[in-house]
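For reference, the structures are reproduced in the following blocks.
You will see two complexes here that share chain A, one where it goes with chain B and one where it goes with chain C.
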Partner chain A sequence: MAPILQAASDGWALVFSWPNILYPVIGTIAAMVFAALPGISGVTLMALAIPLTFQWEPLQVVLLFGALTGGATFMGSTTAILLNIPGSAPSAATTLDGYPMARMGQARTALAASATASALGSTFGVMVLIALVPAVTRVIPLMGPPEYLMLALLGLGTIGTLVRGSVVKGLAMACLGLMTSFIGLDPRTAAPRFTFGSLYLQDGLGLVPVFLGLFAVAEVIALMASASATVSGRVRPEELTGSTRDGILSVFRHPGIFFRSSIIGTVIGMVPGLGGTVAAFVAYGAAARTVGTDGRFGQGDIRGVIAPEAAHDAKDGGSLLPTLALGIPANGGTAMLLSVLALHGIRPGAELMTEQLPLAFALIWSLFLSNWLTSILGLALVRPFSRLTIVRISRLAPAILALATLGAFAHLGRAADVMVALGFGVFGWLLNTFGWPRIAFVIAFVLGPLFEQNLQLTMTLHGLGRIHFWSRPSVVLIAGLIVLAVLLPRMRRRVG
Partner chain B sequence: MRRIGSVAFTSALLALSAVFLVLTLGFDESSRVVPLSVAGSLSGLLLVQIVRDVREGRQATAPIPTDASLEAAAVGWLLALGALILLFGMLLGPALFVSVYLRRKAAEGWLVTIGGGATTALVFWLVLTHAIGAPVSLGAVGALVGALLGIRT
Partner chain C sequence: MICGTSGLITRRTAVLRLAGVAGGLLATSRAAGEDLGCLQDQTVRWLVGYTPGGGYDAYARLVEPFLERALEARIMIQNLPGAAGAVALRTLADARPDGRTIGIFDGPGALWSVALRERGVPDPARDLTMLARVTRLQQMLVTGPRSGARRLDDLLALGRRRRLVFGATATSSQNFVTCAVTSRIFGLEVDYVVGYPGSRELTLALIRGDVDVISLNVESGLDALGPEGITPLFLVAPEPVPYPQLERVPRLGAPSTLEPQRRDQFAGASADARELGDAIGTYLGFGRIVAAPAGLHDSVRRCLQHAVWTALRDPELAVAAARAQRTLAVATADQAQREMAAARAAIVRILPIAAAAARRAR
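Right after this comes the complex of A and B.
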C-alpha cells in the first residue's frame, strides 16, 4: 500500500503545480459549457480535443482528459433539473425527482443537492479506486456473461419498486421498453429485427433522442398545454422556496442513500459496458426501495436527486479501474481516453500501474479536481440558474424544443434522430396523460441490450458445457442481492 | 372523452405489440426466444389493461376535466417544428419555428421575434459547423431552390 500512497502523493503534486493546474481547469470549464448542450456528451468533446494534443507531453494529455471525463457530468444534471432536459443519458434519472422539485419552486435545493452529491460521490469513487487498485485487477477478468446477465436482472428488478399505481401498466411498459431495445440487428445472427427495411433502424434507437423525446419534448407539450405561466408557477425570484444551504445539508441528512448510491455507482463503473446510465437508474431504484411508500419519491423528493447524482459521479472513479489497470474501457468516455493514451505512447496495464503510477494518479486527481470544480461553480450559479424556472413558458418552450432538437441532432449528426425525439415526445406525453409509467419503459430500454446479449451468451455457453451458472460465486452473490431487493421492501412494508 | 382516449391508446399499443409478435414469429428459432416471450407477455398485459379500461369506463361517472384544444395546439406546434425541419433543414427550420412561435403564441414584439430566431440560427450554426462539424442541410426547400438555380446544397 505504501508505494501506492507515495504515487498518489506524487500524482497530487503533479496536478497542483503551476502551470499544470491550468489543464484540468480549462478542461473542466470546456466540459461544463459543452455538457450544458443536450446530446453533446463528454465523449464528443474528447473526440474534438484529440487533434489539439498531438504535440503535447503525456502529463498534459492525462490532465486535460481526466478533467474532460469528470467535468461533463454535473452540467447535464442542471438542465435535467431545471428544464427536464437530460444533458446526457445518465442525467435522465435526475429528471425524475429533480424536475418536479423545480416545478415546486425548489430548484435551488435540487441543484445544490445535485452539486454536493456529485462532488462527494466522485470523491468516494476516487477513494475506492485508490484503495482497490491492487485487488480489483484480479477480480475484473472474472466477470463474464452470467454476471452481466444477473446485473441486468438486478436493474430490471428495480422496476417493481419504482412503478406506482397499476402493476399491469408497469409490466407492460417494461416489456415495451425491452421490445424497443430489440430494434436493430440480432446480437447473435446480425439479422435485422423490427427494422421495416430501414437502414437507420438497423443501429437501433439511440438513448439520447429517445430520452430527449420522453423527457424534454413530452414535458414541453405538457407545459404548453398547461395553464401555468412559468415552470415553477411563480413569477418573482423571491417567491422561489428552497435554498442552496438546504440542498447541501440534504446530502448529509441522508448518508445511507448517499453511501449506497456511491457504492452502486463505483461498482457499476468498474464493470465494462454498463456505464453511468445504468448506475444512475439502479441507484435511483435502490433509493426508491429504501424509501418505500414514505415521502414523495418520484414526485419531487430530494433523495431521488441525491441517489442518481452520487452514483453517476462515483462511477467515474470506478470506471478508471479497468481502464488503467487492464486497458479495458468501461464506457465510451474511457474508450476515448484509452485511444488518446495510446496515441501518446501510454500503455494501460501493468506498466502504467507500476512504473508510471504517478502519471496514472495525475489522471485520477485531475478527474477528482474537475468534479469538485464543476460542483463549486454549480453551487455558485444555483441562484441565477434557478431563475430559469420563473421565465414565461411561452418564451421557454420554443427554446427548450430548439435545444432538444439540437441535442438529438448533434449526438450523431442524423436528422432522423430529431424525428425520433419528436415522435417519442408525443409518445411520452400520451404515456403521462393516460397514466402509463415512463420510468419502467426507460429502465427496460436501457438494460434491454445488456439483458438479451448476455442471456443468449450464457445460454450458449451453458449449452456447450463451458460454464456452470450456479457454481459461479459472483452469480450467487448477485442473485442474493436480487432476492433481497425484491423481498426487503415487501417485508419492511409488512412490518411497517 | 379521456376514457375513450385511454382505451384508444391502449388499443394502439396492443396493435403495435401484435406487429412485434407477428414479426418475431418470422425469426429463426434460436433468435426468437427472448423477443417472442417479451412480445407475448406484452400482448397479454395489454389485453388485460384494455378490459380494465373498458370496465372503468362503464363505472366512471364524471369525466376528468382537461383542455383538449390546448393539448391539440401543443402537439400541432410540435408537428410544425418537424415539418419546418424537413422543409428548411436543421439550420433554418428551428430558427423559423422559434420566430413563428414567439410571434404567434407568445405574442412577442418584432425585436424579440427576430432576435430569438437569429440567436437560434447562430447557436445551431456554431454547434453544427464548428463544434461537431456536421453537414448543414437546407431541407427540401433548400434542395429545390438549389436545383432551380443549379447549385448543389
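Right after this comes the complex of A and C.
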C-alpha cells in the first residue's frame, strides 16, 4: 500500500503545482461551457481537443483530459433541474425529482444538493479507486453476465415501487420500454429487428434524443398548454423558497442514500459498457425503494436528486479502474481517454500501474479536482441559475425547444435524431396528460439492452457448464436485494 | 525553310510543333496544378463511421493534418456512427462526387455486408472511388489465464481433450469469422458464446474464464496483453506486425507469408487448410480504406489520390503513428482496388464456414 500512497502523493504534487494546475482548471471551464449545450458530452469535447495536444507532454495531456472527463457532468444536471432538459443521458434521472423541485420554487435547493452530491460522490469514487488499485485484478473478474443480469432485474424491479396508480398501466409502459429498447441489431446475430429497412434504426433509438423528447420537448408542450406564467409559478426572485444551504445540508441529512448511491455508481462504473445512465437510474430506483411511496418521491423529493447525482459522479472513479489497470475502457469517455493516451505513447496496463503510477494518479487527481471545481462553480452560480425559473414561459419555451432540438442534433450530428426527439416529445406529453407512467418506460428502455444481452449470455454459459448461476456470491446477494425490494414495501404496509 | 533536304521542316511545321510542345507543357503543368491544389482552401468533409475514440477515428485524426498539408485544404472530421459504419458509408456513397467528401471505412466489413446482401449497404466496388489503403486489418487469437494454454501447441492439445469455447461479439463480426475459420483450419471442435457487446467485454470474459479463446484486433488488443495472463496464440495477418511483444507469435496469412514451419500444425497441413489460411488473411488484409464517392471527375480523382498518398507517405506521419502504436500499411488506390477483388474471392471461400459456425452458435 505504501508505494500506492507515495504515488498518490506524487500525482497530487504534479497536479497542484504551477503551471500544471492551469490544465485541469481550463479543461474544467471548457467542459462546463460546452456541456451547457444538451447532447454535447465530454467525449465530443475530447475529440475536438485531440489535435491541440499533438505536441504536448503526456502529463499535460493527462491533466487536460482528466478534467474534460469530469467537467462535463454537472452542467447536464443543471439544465435537467432548471428546464427538464437532460444535458446528457444520465441526467435524465435527475429530472425526475429535480425539475418538480424547480417548479415548486426550490431550484436553489436542488442545484446545491446536486453540486454537493456530485462532489462528494466523485470523492467517494476516487477513494475507492485508490483503495482498489492494488486489488483491481481480483475485483474486476468478480462481475460477469449473471451479475449484470441480476443488476438489470434489480433496476427493472424498481418500476413496481416507482409507479403510482394503475399497475396495469405501469406494466404496459415497462413492456413498451423494453420493446423499444429491442429496436436495432440482434446482439448475437446482428440481424436487424424492427428497423423497417432503415439504417438509422440499426443502432436502436438513442438515449439522448429519446430523453430530450420525453422530458424537454414534452415539457415545452405542457408549459405552453399550462396557465402558469413561469416554470416555478413565481415572477420575483424573493418568491423563490429554496436555499443553497438547505441543498448542501440535505446530502448530510441523508447519508444512507448518499453512500448507497455512491457504492452503486462506483460498482457500475467499473463494469465496462454499463455507464452513467444505468448507474443513475439504478441508484434512483434503490433510493425509491428505501423511501417507499409515502413521500413525495418522484414529485420533487431532494433524495431523488441526491441519489442519481452521487451515483453518476462516483461512477467516474470506478470507470478508471479497468481503464488504467487493464486497458479496458468502461465507457465512451474512458475509451477516448485511452485513445488519446495511446497517441502520446502511453499504454495503460502493467507499465502505467507500476513505472508510471504517479502519472496515473495525476489523471485521477485531475478528474477529482475537476469534479470539485464544477461543483464549487455550480454552487456559486446557483442563485443566478435559479432565476431561470422565473423567466416568462413565452420567452423560455422557445429557448428550451431550440436547445432540445439542437442538443438532439449535436449529439451525433444526425438530423433524424431531431425528429425522434420531437416524436417522443409528443409521446411524452400524451403519457403525462393521460396518466401513463413515463418512468416505467424510461427505466425499461435504459435497462432493456443490459437485460437482453446478459440473459442470453448467462443462458449460453450456463448451458455450456462454464458458470454455475447460483454458486456465485454476488448473484445470491443481488437476488436477496431483489427479494427484499419486493417484500419490504409489503412489510412496511403491514407494520404501518 | 529552316533546313534542307529530307530532314527539312517548314517554318509552319516548326511553329506548330513548338506550339504543340508548349501546349503539352501547359496541359501537363495544369494537370500538375490540379493534382496539387484542386481543393485548395476548400473544406473537405472526412466521414468516420464510428464514435470518437475508436480505431477508425484515431487513424482519421492521425492522417488529418498531413492530408490538410497535402491538399492545402481544411479537413473537417465528422463522426457518423451507426450500423457498424454503414450509415457513414451510405452517406459517403450518396455524397456529391466533387471531392469535398471522403471517408475511411472497414473494407472487409463492407464487402461482408454486400456478400450477405444487407439492405442499404453500398457496394465499395460500384459506389465508391478508392483513394488509398491506410492499414491492413489483423486479428490475433488470444487465450486467458484460466484455459491453461500458453502457446498454440497447448491449445491444440487442449482441443484434443475437450471441446473449446470461443467467445465473439456477433456472428457476422470479424472476430467470429476469424474464430470460425481458424477452428476449421486447426480441426478443433468448438462451442461459441456469442453476444458480448464489444471487445472490452470479450477480454473480461477471457479473464473470468467464461471462454477459452477470443479473437481481437491486433492494435486494440495490445493493451490487454500481459497483465492478466492474456496470451497471444497466433496472428491472422498478411504481413508481419511491428510489435515486439508479438515477434515470436506464429502467423497465418496470405500465401507469401504463410510460415512453412507452422504448416504441419494446420490440420495435417492439408491444401484445404492452407487455402483457408490464405483466404482469411486476404479477406482481412483489404483493410481500412480511404475512399470518395463514385463518379469523381478524373482530375479530382487523381488529385485526391495523389494528396492522400502524399499524406500517407509523409515521414512525420510514420513517426506519429509509431508513437501511437498504430500500424501503417499503406497502398495505392490501384493496389487497394486489386485487393478488393481478391478479398471478394476470399469471402466466397470462407462465407459457408462462417455461416455453418453461426448456425451452431445459435
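Please note the rule applied: the second predicted complex is superposed on the first by the 493 of 496 C-alpha atoms of A that agree within 3 Å, B and C clash if a C-alpha of one lies under 4 Å from a C-alpha of the other, contacts with A are read in each partner's own complex, and residues count from 1 in each chain.
The criterion applied here is as follows: contacts are C-beta pairs under 8 Å (C-beta built on N, C-alpha and C of every residue); 3 or more make two chains touch, one makes a residue touch a chain.
Keep in mind it's a predicted model, so treat the numbers as computed, not measured.
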Combined model on chain A: chain C and chain B, fit or clash: fit
Which of chain B and chain C A:L178 touches, first, second, both or neither: first
First, second, both or neither for A:P19, with chain B first and chain C second: neither
Touching partner for A:K169 - first (chain B), second (chain C), both, neither: first
Which superposed partner A:M336 touches (first chain B, second chain C, both, neither): second
Computed vertex angle (chain A) for partners chain B and chain C, CA, steps of 10°: 80
Touching partner for A:P384 - first (chain B), second (chain C), both, neither: neither
Distance of closest approach, chain C and chain B, by C-alpha atoms in Å: 6
Residues of chain A that lie at the interface with chain B and also at the interface with chain C: 44, 186, 188-189, 413, 456
Chain A to chain C touching residues, read off their complex: 43-44, 46-47, 50-51, 54, 137, 140-141, 144-145, 185-190, 192, 197-200, 202-203, 272-273, 322, 325-330, 332, 335-339, 342-345, 347-350, 353, 412-414, 453, 456-457, 460-461, 464, 466-467
Chain B - residues contacting chain A, complex: 5-6, 9-10, 13, 16-17, 20, 23, 27-28, 30-31, 34-35, 38-39, 41-42, 45-46, 48-49, 52, 67, 70-71, 73-75, 77-78, 81-82, 85, 90, 94, 97-98, 101-102, 105-108, 116, 120, 123-124, 127-128, 131-132, 134-135, 137
Chain B partner contacts - residues on chain A that touch it in the complex: 34, 37, 40, 44, 48, 166, 168-169, 171-172, 175-176, 178-179, 182, 186, 188-189, 191, 193-194, 217, 220-222, 224-227, 392, 394-395, 397-399, 401-402, 405-406, 409-410, 413, 415, 418-419, 422, 425-426, 429-430, 433-435, 452, 455-456
Partner chain A, residues of chain C touching it in the complex: 51-54, 57-58, 61-62, 64-65, 77-84, 86-87, 90, 119-120, 165, 170-173, 191, 193-198, 200-201, 203-205, 207-211, 222-224, 226-228, 320, 323-326, 358, 361-362
